[in-house]
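Heads up, there are several structures right after this.
Two complexes, one shared chain (chain A), two partners (chain B, chain C).
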Partner chain A sequence: MTQLAVRDREARPRRELDARQRRKISPYKRREALVRILCIAPPLLFLAALVAYPLAQTLYLSVMKSTLIQPDEVFVGFDNFANILTSASFWNVVSNSVVWTVVVVALQFVLGMSAAVILNRRFVGRGFLRAAVVIPWVMPGVIAAVLWNLLYEPYLGPIAQLLGFIGVPAENAAWLSNTSTALFAVIIVAVWKGFPLSAIMYTAAYQNVPEELREAARLDGAGTWQVFRNVVLPSMAPTIRSTIVLTTVWTFNYFDLVYVMTNGGPGDSTEIFPTAIYRLAFVDVNYGLSSAYGVISVLILGIFTVLYLRQLNKSGSLNR
Partner chain B sequence: MKKVFLSALVAGGMMVLLGACSSGDTGGGSEGMTLEIWDMQQSSKDVAAAYAPIVEAFEADNPGAEVNVTTFPFAQYRDKVLLAMKGGTGPDVLALDQVWMAEFAAGGLVAPLDDQLAESDSISGDDFFQGAWASNSYEDQTWGVPLNADVWEQMYYNADLFTEAGLDPENPPTTWDEWTEAAAALTKAPDQFGISLMGCKDEGTVVMSDSFLFSNGGSIVEDGSATFDSEENIGALSQYQDLLEYSPSGTAGACEQDAVARFTSGTAAMLLAGSWQQDTMKDAAQFDWRIAVPPAPEGKSFVGALGGWNLAINAKSENPDLAFAWIESMSQADNQAAVNSLIPALQAAGEEFIMANRSQPEVVLATLNNGAPRPLSPVYPAISQAQQDVMQAIIGGESPENAVVTAQGKIADALSALD
Partner chain C sequence: MTSSQLTSRADSSARARKARSALVSYGGALLIAIVVFGPLYWMFITAIKPNVELFTSPPRWFPNDPTLQNFVDVLDPAFLQLLGNSLLVAGATTAVCISLAVLASYTISRPSGKSGKSVIVVVLVSQLLPPAVLLVPLYRSAESLGLLDSHAGLIIAYLTFTLPVAIWLLHGFITSIPVELEESARVDGLSSFRAYFTVIIPLARPGIAATAAYIFFTAWQDFMFALVFLTDEDKRTLPLGVLGYIGQYTINWGQLMAASILLLIPILVIFALVQKQFIAGLTAGAVKG
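So, the complex of A and B:
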């Protein structure tokens, strides 16, 4: 985040420089422009090949009937979209995805913020804790999923034994195999796995809040909570905003945990967009339908992000 | 000027790199032909090492040819194959699951082998297990040659726990009623359960459930129409639901390895699994484990579901003749025995393999000889999905009567896409 801020500060002088350059173009400048174009050509080509092409291909396939067993692509207009929007399973995926994303992001925000506040206090072992908190984040998703599958094991798993030890009547509940608990069981893992990123971002932002500001507020008679709410939080607003957008996008698209832990089950109680798209693309091998699903997923995420940022800008509640 | 030159150099270098990436799959003339082979990694067996001498001999027989064998873990094999075939960069010869054959044939991804088979001296359909050979037929053409075969499943049981519960380990249950009674007698929840059932959302659960349906005379697809809504299937699913009461909680999420782990740990006294799990038992089970032909309904005999892998040739292969020569070489008994940790599909080699590698080989042979294939349909993935949904539903407590109606609709829907 500090990087972004720095870039903002630099942007203005550079723009002025550009304007000055434009007034007279010497042959030397022209040559330099050519060099610049040549230098950015390779990355642009790579971007075109790696981003633009798959995107165009997905859009193209989303209006085609194209499956493994019927490889000749036939234009079907918006039939794929109509099929998806009228199926009951789609609305189940939407509701699962919304619950999954909202709860995970909200809990990651709360946990991340708490960790940031705590880790900014001075206490013995702070350095160790700051490093340890990152472990879930750097752990590969598949490994985290397998690890938590073991933790959740209804008979031998530590969670079942702990619950039994403290006398909670869980009766060897298989959290991951019950339609009413499976989604929340995976959500807990996703929060654990992802909150370190929020913690790191918020720790950095917290440290950037000028001590004088806090002191001034305290002198004006603000209590701890008021200082946090009215001084610290607004100063951290840009970081919070970008972190929430980032974690929302990542969580919405997060595939590994659900795939390994429940494979969308039991029934379809943990099916979310990425697992549904995977199933259509690699199990049913229906390229058209899975592309349309992908387009819908990107649209939902895009609309959310735009609305969220606009709302924040308008209300100004988290603005500096 | 220097800068311009430098960036031109960089750009040129990029082009060379990009070019190098795309030139990997071009073959060349008759000399220096390359053959890409993809196989699935079946178990902990070192398949790559097993292939090495076969590759060496093949290259000696076909001077100038270069053979590359690549193996992938089962979990990612289908994804890899689909991506490569869609992108047109697939291998020349690839192992395909029996239930994928019709799908790949219908999609034009693999080549029919009838002409080459008619001319071949070394491959004869009669030498293979019949179910394995038949799984290669689609629309009156033959699309592959079997590599290995097996059947879901045998019933593993813990003889020590049988004795403890007052049951005779020499006479495990043979009928469904006896089975449920034995499961009840063996259950001392939450420490011990009668049977470890699998039920997670994957193909393993489907094949296992097929053995219930088939043993009760039920079926899934007959002559291209859905036949799932039947009394036989309802009866079979009811039996599974009865046994569920004596299975540890969490069956809806239990895949093959989970079910096996509960048996090897002594948590459950009976288990349905294939003969390949004997390797696991030898390593992990610290008790007197045995196998039996799984119970069947009164007056009927157990019918398992067949599985296995076939070798097929990519329709886009530039060297189909050399590819077929490889399949001929892999259809020799020695080579099949060398690379397989499943049962070789050649009947003679397969039976020899079972006698040498399996305990109670007569039980394995009995189930193998009485197996029935899963539906050979291009929409098999959708059929399997419908069956997975059935299992999840009845584990969740839905009545088999309702579940078969739902599945019937889904399967009919999937089949209608073929019209």
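So, the complex of A and C:
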């Protein structure tokens, strides 16, 4: 901190000097500025072409109507949005997405934090377990999906068999084909696949909590839970906030698991925004409606992005 | 009560506390191990089950007659083609993405990175956009440019979500290298650009490796873009190909799990190699912001 301040103080007069020199002649400086622009231009152009332009096109398509039978685009104003907001299937997607995101993120937080607490205790094999816990997270989504489809299989999978021991008949264990349980079955998989990231983040943050702080609280008579609640958690707050925002965005955008495991079904009981956007565009070939769904999901995520950037600003990592 | 009795009682209560603490540690560790390895165990035993044992109900937890036949069946020319396609697409994505990100980081992070802030905001915002939203317009652009069913089209599409992450991660790694190092190189007469490539980049190599690993992994496992962009059987990548073992009426679980293990192995090898830097980079970014 102090080092930075000193560097700043030294830098200022020098920069003024630079400016004075530049006003005279500095082909060298000008060349350096040119190199800098040349370096940033290709990535920025790529992002403009690959992110900004598609985004603009999504906005444009969301006010147009085009279908498979009538592919020419016709301007329809906000008709697509009006259609969506009055349709039950849209509100089903909204409620599924909210349940999906909130439950997955909450469970990932609880499981990740519990795992972090365990992984910071002393036991033989801790280094190995810390490394191995990452495996579900690095596993491709498609593989996690087919693996859990097998685990959930009512006749061939181990989960139904274990439930059978406590008297649940196999027919009732077909969670993925039951409209009232399918979403939660996929949620469990998303938690399994995602909690390792939270565990890693919290394990690292936990290690950064000064031992003296915990020791001092303990000497003041705080119990294990009180120390955790009043000392450890507050010091981990920045990590917790950014991890939660990140996992929220990722969970909201998740496609592979739902597509492979249930394909939005049965019925539309597991349809969330990404699968709905995909289905409308590539199965129904209704780009207008699909784009309107897209615009709404961008708006929802925009709120989270703003929260994320504000969090980054607060912790100062943008001003490094 | 003598003092020795007192100490022995204190000893035994301390021992009890220690035992309880160990019980929590090992009990918790065992739970984590079961959660993580349980599904992986099932994947493994399914892959080594012979055909007759795959469809016994209730399922067997230990195969009677383990075999590698499923792996042999899976490793046919078609699978090798998928593997080659995946290696090509993920490798090329990583190479292009890292080159662009290294160049961008020069402007953003060096020497003081003042102009970098706005670029970082743009990068972050695009990182948080839902890929599904970009899917339709990118598909249409690729269609009109004749890039559908081509690996080049897929590689370009992958840059939409890999480039922002790569710039963001590299920016973190590079700003953590002291500016003084570059300044002393410049005193020696190197231009800022030369100093960046001869001094900073070699020092940032572990960070670049970790970033490259992450990009490779992201491209390697992508399913959504591959699903939409590729219809040609010969062009398909592994995640799409794996689903080919799911037939309309039956699923060959043995081959499916064997193929899944083969898809998983490169990822695990890469992560084992760069794990330390990767986790350091990931957590540093999050702990600081």
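Here, the second predicted complex is superposed on the first by the 263 of 320 C-alpha atoms of A that agree within 3 Å, B and C clash if a C-alpha of one lies under 4 Å from a C-alpha of the other, contacts with A are read in each partner's own complex, and residues count from 1 in each chain.
By definition in this document, a contact is a pair of C-beta atoms (placed from the backbone, for glycine too) under 8 Å apart; a residue touches a chain by one contact, two chains touch by 3 or more.
Being a predicted model, the structure only gives us computed values, none of them experimental.
Undergrad: Please determine, from the superposition on chain A, whether chain B and chain C clash or fit.
TA: clash
Undergrad: Tell me the contact category for A:138 with respect to chain B and chain C: first, second, both or neither.
TA: second
Undergrad: Could you say whether A:35 touches chain B, chain C, both of them, or neither, answering first, second, both or neither?
TA: both
Undergrad: Could you tell me if A:284 is touching chain B, chain C, both of them or neither one (first, second, both, neither)?
TA: first
Undergrad: Regarding the shared-chain residue A:225, is it in contact with chain B (first), chain C (second), both, or neither?
TA: neither
Undergrad: Looking at A:69 after the superposition, I want to know if it touches chain B, chain C, both of them or none. Which is it: first, second, both, neither?
TA: First partner only.
Undergrad: Decide which partner touches more residues of chain A, taking chain B and chain C as the two options.
TA: C
Undergrad: Touch test for A:179: chain B only (first), chain C only (second), both, or neither?
TA: The answer is first: A:179 touches chain B but not chain C.
Undergrad: Check the residue A:266 against both partner chains and state whether it touches chain B (first), chain C (second), both, or neither.
TA: After superposition on chain A, A:266 lies in contact with chain B alone.
Undergrad: What stretch of chain B clashes with chain C when the complexes are fitted on chain A: 81-89, 153-161, 207-215 or 369-377?
TA: Only one listed stretch clashes with chain C, namely 81-89.
Undergrad: Quick check on my understanding: which residues of chain A belong to both its chain B contact set and its chain C contact set?
TA: 32, 35, 39, 42, 155-156, 282, 287
Undergrad: Can you list the chain B residues touching chain A in their complex?
TA: 3-4, 7-8, 10-11, 14, 78-79, 82, 86, 103-104, 106-109, 190, 200-202, 248-254, 265, 267, 378-379, 381-382, 385, 389, 392-393, 395-396, 417-418
Undergrad: So in the complex, the part of chain A that touches chain C is made up of which residues?
TA: The contact residues of chain A facing chain C are 7, 11, 28, 32, 35-37, 39-40, 42-44, 46-47, 50-51, 53-55, 57-58, 61, 114-115, 117-119, 121-123, 125-126, 129, 131-136, 138-143, 146-148, 150-151, 155-158, 161, 164, 192, 196-197, 200-201, 204-205, 208, 238-239, 242-243, 246, 249, 252-253, 255-256, 259-260, 273-274, 277-278, 281-282, 287, 290-291, 294-295, 297-298, 301, 304-305, 308-309, 311-312, 315-320.
Undergrad: Sort out for me which residues of chain A touch chain B in the complex.
TA: 31-32, 34-35, 38-39, 41-42, 45, 67-71, 153-156, 171-174, 176-179, 182, 262-267, 279, 282-285, 287
Undergrad: Under the touch definition given earlier, write down the residues of chain C that touch chain A in their complex.
TA: Touching chain A: residues 21-22, 24-26, 28-29, 31-33, 35-37, 39-40, 42-43, 46, 54-55, 57-59, 61, 100-101, 103-104, 106-108, 112-113, 117, 119-126, 128-141, 156-157, 159-160, 163-164, 167, 175, 179, 191-193, 217, 220-221, 223-224, 227-228, 239, 242-243, 246, 253, 256-257, 260, 263-264, 267-268, 271-272, 275, 279, 282-283, 285-289 of chain C.
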